[in-house]
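Structures incoming, each one as structure tokens.
There are two complexes below, and they share chain A, which is joined by chain B in the first and by chain C in the second.
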Partner chain A sequence: MTLPRRRFDTLIIGAGGAGLNAALQLAGSGLRVAVVSKVFPTRSHTVAAQGGVNAALANVLPDTWHWHMFDTVKGSDYLGDQDAIEFMCREAIPTVYDLEHMGVPFSRLDSGKIYQRAFGGQSQDFGGPQAARTCAAADRTGHAILHALYQQNIRARTHFFDEYFAIDLLRDDEGAVLGALVLEIESGEPLLIEAKTTLIATGGCGQVFRTTSNARINTGDGMAMALRAGIPLQDMEFFQFHPTGIAGKGKLITEGVRGEGGYLINGEGERFMERYAPNARDLAGRDVVARAIVTEIMEGRGCGINKDYVLLRVDHLGEELIASRLPGIRESARIFAGIDPVLEPIPVFPTAHYSMGGIPTDRFGRVVAPAGEGAEEVVPGLYAAGECACASVHGANRLGGNSLLDILVFGRAAGKDIVEYIKENPHHRPMSEASLDQALSRLLYWAQTEKKPSGKGKAKPAKVTSVRELREEFRKVMEDHAGVFRTHKTLSEGVKLLKSIRKQLAGIHLKDHSKVFNVARIEALELENMIDVGMAIATSALGRKESRGAHSRPDFAARDDRQWMKHSLYFKEKDRLEYKPVRSKPMTVKSFPPMERTY
Partner chain B sequence: MSREAGSRERPGAEAGERLRWQCRRGMLELDLLLESFLERDYPSLSDPEKRDFTRLLEMQDPQLHDWIMGDKSPDDPAFSPLILALRETLGQP
Partner chain C sequence: MKFRVYRYSPESGLKPYMQEFVVETTRGMMLRDALLAIQEQDESFAFRHSCGDGVCGSDSVNVNGLNMLACTTPVAGLRQPVLVRPLPGRPVIRDLVVDMSQFYKQYRSVEPWLKRQDPLPEHEVHQSPEERDKLDGLHECILCGCCSTACPSFWWNPEKFLGPQALLTACRFLEDSRDQAAEERLDALAGPYKLFRCHSIMNCVEVCPKGLNPTKAIGRIKAKMLKGSL
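Then we have the complex of A and B:
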């Protein structure tokens, strides 16, 4: 069989906000651009973002990009790179105006200017009064942005490969990236896409946790592709959890419910938040509430037969208030939990929401990695942007509304830099057949009817026999051992269990060997990716012996700037960790020194 | 210009797998409901209902979400019973 090959100037893997905004920059410069997406582009996860996108437009209250920068640095618990943060906050303003010109229907003030909402973590004057910085298109900002970008790309003749699944990157001996091997899901046929530059924009990986607010497609594919290509992942221990997801389902229940007087109770009917945060109680910070819930459950005070969730009570608020102030909550609880919250409390558990870590990049979207023993270098021809990347603007925690901003700003920055790169490197490099063989072998692996133990990773006789079963076991291990509550004990046990799961996967084979629309095969490839990413999260979390931002270790409860003001880098080879310094020097302004983070 | 897949009819298991992939959406809510529906409710639908479901999957995510949450009702009457069933699919014992 000869493998079909296509050539483009640029290959973009992922058609969410990051990928599409990059593609648009490129198409405008006359380059040939291929965008590959495993689902139809407007079904990318960006569609789910409702809240909005931050920019210091100062339309509602006074604001400057410098205040936005301060809030972002503080929110990151000082782990964000201040040059990248300055760049993002400055770029936010033209970025939102660009979207406006593209026709994104932002909600407006009577004056005709874009309306801006107040979100948590936004301040005026470097930590002063509340700011209003979030621009929204009603409650469907993500959809409006994605839709506008998609239409613009169609007009610009971007070439879309819809329902193609990227398998692996191709890299030559000098480390340059040459494109990727992809699979057409419909026909089951592989295709080699050769490109002078490749941008990974595959989004998040929330599916690695059992309870998540992320769609099923968020399996961290691009992150795992980078790992397999020898590139590390940065700051993977930082994962944001939202305290109230519907138990067993993950769907978010907004903070507004507690804002309106809803409160949490444990299996003994106790309002336990009073013990953890005597003043703020149920309105304490997200991480505080999430940790309290998990602690209650771990100490045996959960609800239900398995005592594995707590309850969110709103019934005391009355039907009328629920209908007027919390529309949608009643329907959500009814549809997803099968209960009516006017009569019964809602079962909840913290839900995995956002990955702050990812593929390390500079502020031009170029992937950077340590070269041997030396300093970090740019990986030639490789870019990353969006939730799969780590620029790093969110550091140890992300502020609401900063993620849509991140994907747009760095998607565009990557697009611009790619244009320059191709000017200097106008030719395709020769394909590395060795790298291609390796990528193909991953595909062939799942076509075998029986697994032959390959290489040193000896297949373990599988306890579970299906990909689905193993996936559920894996996600539970991640939740129990590397989720909200993490100590040396839970994490080291978790890493051991993950290693065993990795071996079990090698013992599973698929029953369905048809080529056409073989979803089981895609799910197997996704599980492989999830396990690689899960290992990165657990290993990095075990390594970081402090608490910072979203990473909280009761066994190392304080932030330790002396030892830990540094980024983690996890390498798949030998599950190794390295560290690199935080870039605390901004582009033009003075650095914000670490302070205690109080709100 | 749309290149949305899933509109072509194909018989057999292959069609089932194709539908399964069309149930992968950008919102967790839709994933949960569509996946459950496909597994427990879809097999007992009549052929015309199955075709309606395939058509329903071509709708945009926020549109489907609004219909299911009851914020708006679908203009195509053939979708109404499917939306009702989707609303119930997780609540069933």
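Then we have the complex of A and C:
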């Protein structure tokens, strides 16, 4: 088989907000850029972001980037890197203006300025009264932003490879990344894309949990590719459960609902958040609200026949406000919960939503990893941005409205740095054929299994026989063992089960070996990725013996800054963990020292 | 519940056919869940889908003759056997997966980005809430293709007629108070085909899963043209 090869200056894997903003940044540079996405760009999961993007524009209430920074550091439970956080909060302001100039149809204030709403964890004056920092296009902000970014990329004539699935990164002996092997889904043919720089912008991995707000495509592909290339994943134990998923479905109901004045009640009709967060109440950090809901239910104060959810009330806001500010939520509630929130409260339960952890990067989007026993170094030619990356701006818990911000700011930062990198490294490095063979073997693996049944003797029948079945088993293990609350017992059992699932995967083969648009093959490759990422989450969670942000360990209920104010790094090889210090020194301002985190 | 789904694989050597599946339904089941259940029975069955939330626009299919999103269509209430086919008028790649390139091409052809001559301010370009309201019903399109592939004019002239989706997008930019290229945009839509092949059949309005009204948008463009020519 001769493998077709294409050469570009830069390869961007993923066409969500991070990938598209990076591509735009590169458009004017004269570099040849390829954007590879397993779905048509506007189907990327950025499209589903609802509430908005944070920037201290002060359009509604007084605000400064410094207050935004404080809230983000506090929200991160002091695990975020303060230099990256300062950078993001400063950049937020020009970034949002940039989006507006691109045509994003933001909702407007009477002044003609961009509408901003209150979101959880936002304060004025370093922990004072509620701020209003989230710039919104009704409750469809992600859709508005993703479409505008795609439209700008059409204008810029970005070269898209739509519906190509990335198999693996290619790396030479010196550790430099040389591009990726990809698979054209329509033809089923592999393609080698050689690039001087590669940006991973593949988004999140929420599909590893059974109940999730995430799209089917969020299978952690980029994270798993990094792991297989020997790069660790950072802080994977910190997975955000969004407090308000539609009960039983997991579909997202934006925090903007509470920002607009909605609130939660338990089975006794009580506004229970007043007990957990006397000041911020329903707008406390997401980790705080999610834990409160689960606690209410565990203590028997849930709603419904099985007392297994709580209610989100919005009917008091009136039909007019709901129609203008929350039209998408009304639609979702009608379709998926069968209720009209104008008339009835919405049944909600926490849903797996966002990975704070990911591929470790600095604030320029460059991937950094420990070099052998030594300090961490930049991986030559490799960048990561967005949910798949960990800069780390969200630390142990992300604030609502900071994820759209993260993808845009660091997508652009990566794009800028790539231009500089290529100036200094203008030539393609020779392809590592060994690395390519290894990547191809991943494809051949799923193709070869067809030969097993026709060979001598039958393979031993596995307990689980299909990718789909194993996928569902895996997702349930993750939910049951690494959910909102996790203990040594649940996690160590979980890791054991995951190891068994990993083994079972090796015993499964596909029945369908056609080439054209073979979704079964893609799903198998995705499941491999999900299992790698799931193992990173469970192993990192088992390792961290404290509670911080979204990582709640009833067996280690307190935050332990003395021992645990450090980032974890999970390596696929031998499921090994290492740790590295938090960067608590900002770029220009004074560091925010850890304080007790109350709302 | 009985489903009959369209099957075609270019590698099989078989002509397209309808295959019957029986799916056990659950409360609140959406068509997408049913298609996934069918996939569990036969992993070679292909369709596109992603968010499950009606915003990514991946899983548009033709159900009992009407285009819709599988993820927002409850199976309860569908006439049985439920006939599920690919979007009409587009080349089929496999099963329910169609080639949408012509549809995307028409979308790109309206130059769907904001155009301004005035220098940009350091802050946002101001827009009143009333000006912003004009974009409602236009900007929410998810590019699912339900409308254009339900449009007889688009079936007959997919190369020349832009189709309801692209025209909705053209209107979105024409109505944006920040855009300064109205004349250029209207000129580009002149002639008998691009815009004027719309005969107000209104299939697009009937099928839009987001409740948008491309026919009305097309009317707005025509009105603008008329105003410009007077």
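What we mean here is this: the second predicted complex is superposed on the first by the 484 of 599 C-alpha atoms of A that agree within 3 Å, B and C clash if a C-alpha of one lies under 4 Å from a C-alpha of the other, contacts with A are read in each partner's own complex, and residues count from 1 in each chain.
Criterion: a contact is a pair of C-beta atoms (placed from the backbone, for glycine too) under 8 Å apart; a residue touches a chain by one contact, two chains touch by 3 or more.
Given the structure is predicted, the values throughout are model-derived calculations rather than measurements.
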{"item": "Combined model on chain A where chain B meets chain C, clash or fit", "value": "clash"}
{"item": "Chain B versus chain C as contact partner of A:G112, first or second or both or neither", "value": "second"}
{"item": "Touched partner set for A:M102, first chain B, second chain C, both or neither", "value": "second"}
{"item": "Touching partner for A:M431 - first (chain B), second (chain C), both, neither", "value": "neither"}
{"item": "Contacts of A:V516 with chain B and chain C, given as first, second, both or neither", "value": "both"}
{"item": "Partner, of chain C and chain B, that touches more residues belonging to chain A", "value": "C"}
{"item": "Which superposed partner A:V342 touches (first chain B, second chain C, both, neither)", "value": "neither"}
{"item": "Chain B and chain C contact sites that coincide on chain A, given as residue numbers", "value": "39-40, 42-45, 47-48, 140, 143, 147, 154, 186, 215-217, 249, 251, 328, 331-332, 335-336, 338, 514, 516-519"}
{"item": "Contacting residues of chain A [partner chain B, same complex]", "value": "38-40, 42-48, 140, 143, 147, 154, 160, 162-163, 185-186, 212-217, 249-251, 328, 331-332, 334-336, 338, 514, 516-519, 522"}
{"item": "Chain C contact footprint on chain A (complex, rising order)", "value": "39-40, 42-45, 47-48, 57, 96-97, 100-103, 105-114, 140, 143-144, 147-148, 151-152, 154-155, 186, 215-217, 248-249, 251-252, 328, 331-332, 335-336, 338, 466-468, 510-512, 514-520"}
{"item": "Contact set on chain C toward chain A in their complex", "value": "9-12, 28, 39-40, 43-44, 46-58, 72, 74, 93-95, 97, 100, 104, 108, 111-114, 120, 122-129, 131-132, 135, 139-140, 142-143, 173, 176, 178-179"}
{"item": "Residues on chain B engaged by chain A in the complex (per definition of touch)", "value": "1, 3-5, 13-14, 17-18, 20-21, 24-33, 35, 60-62, 68-71, 87, 90-92"}
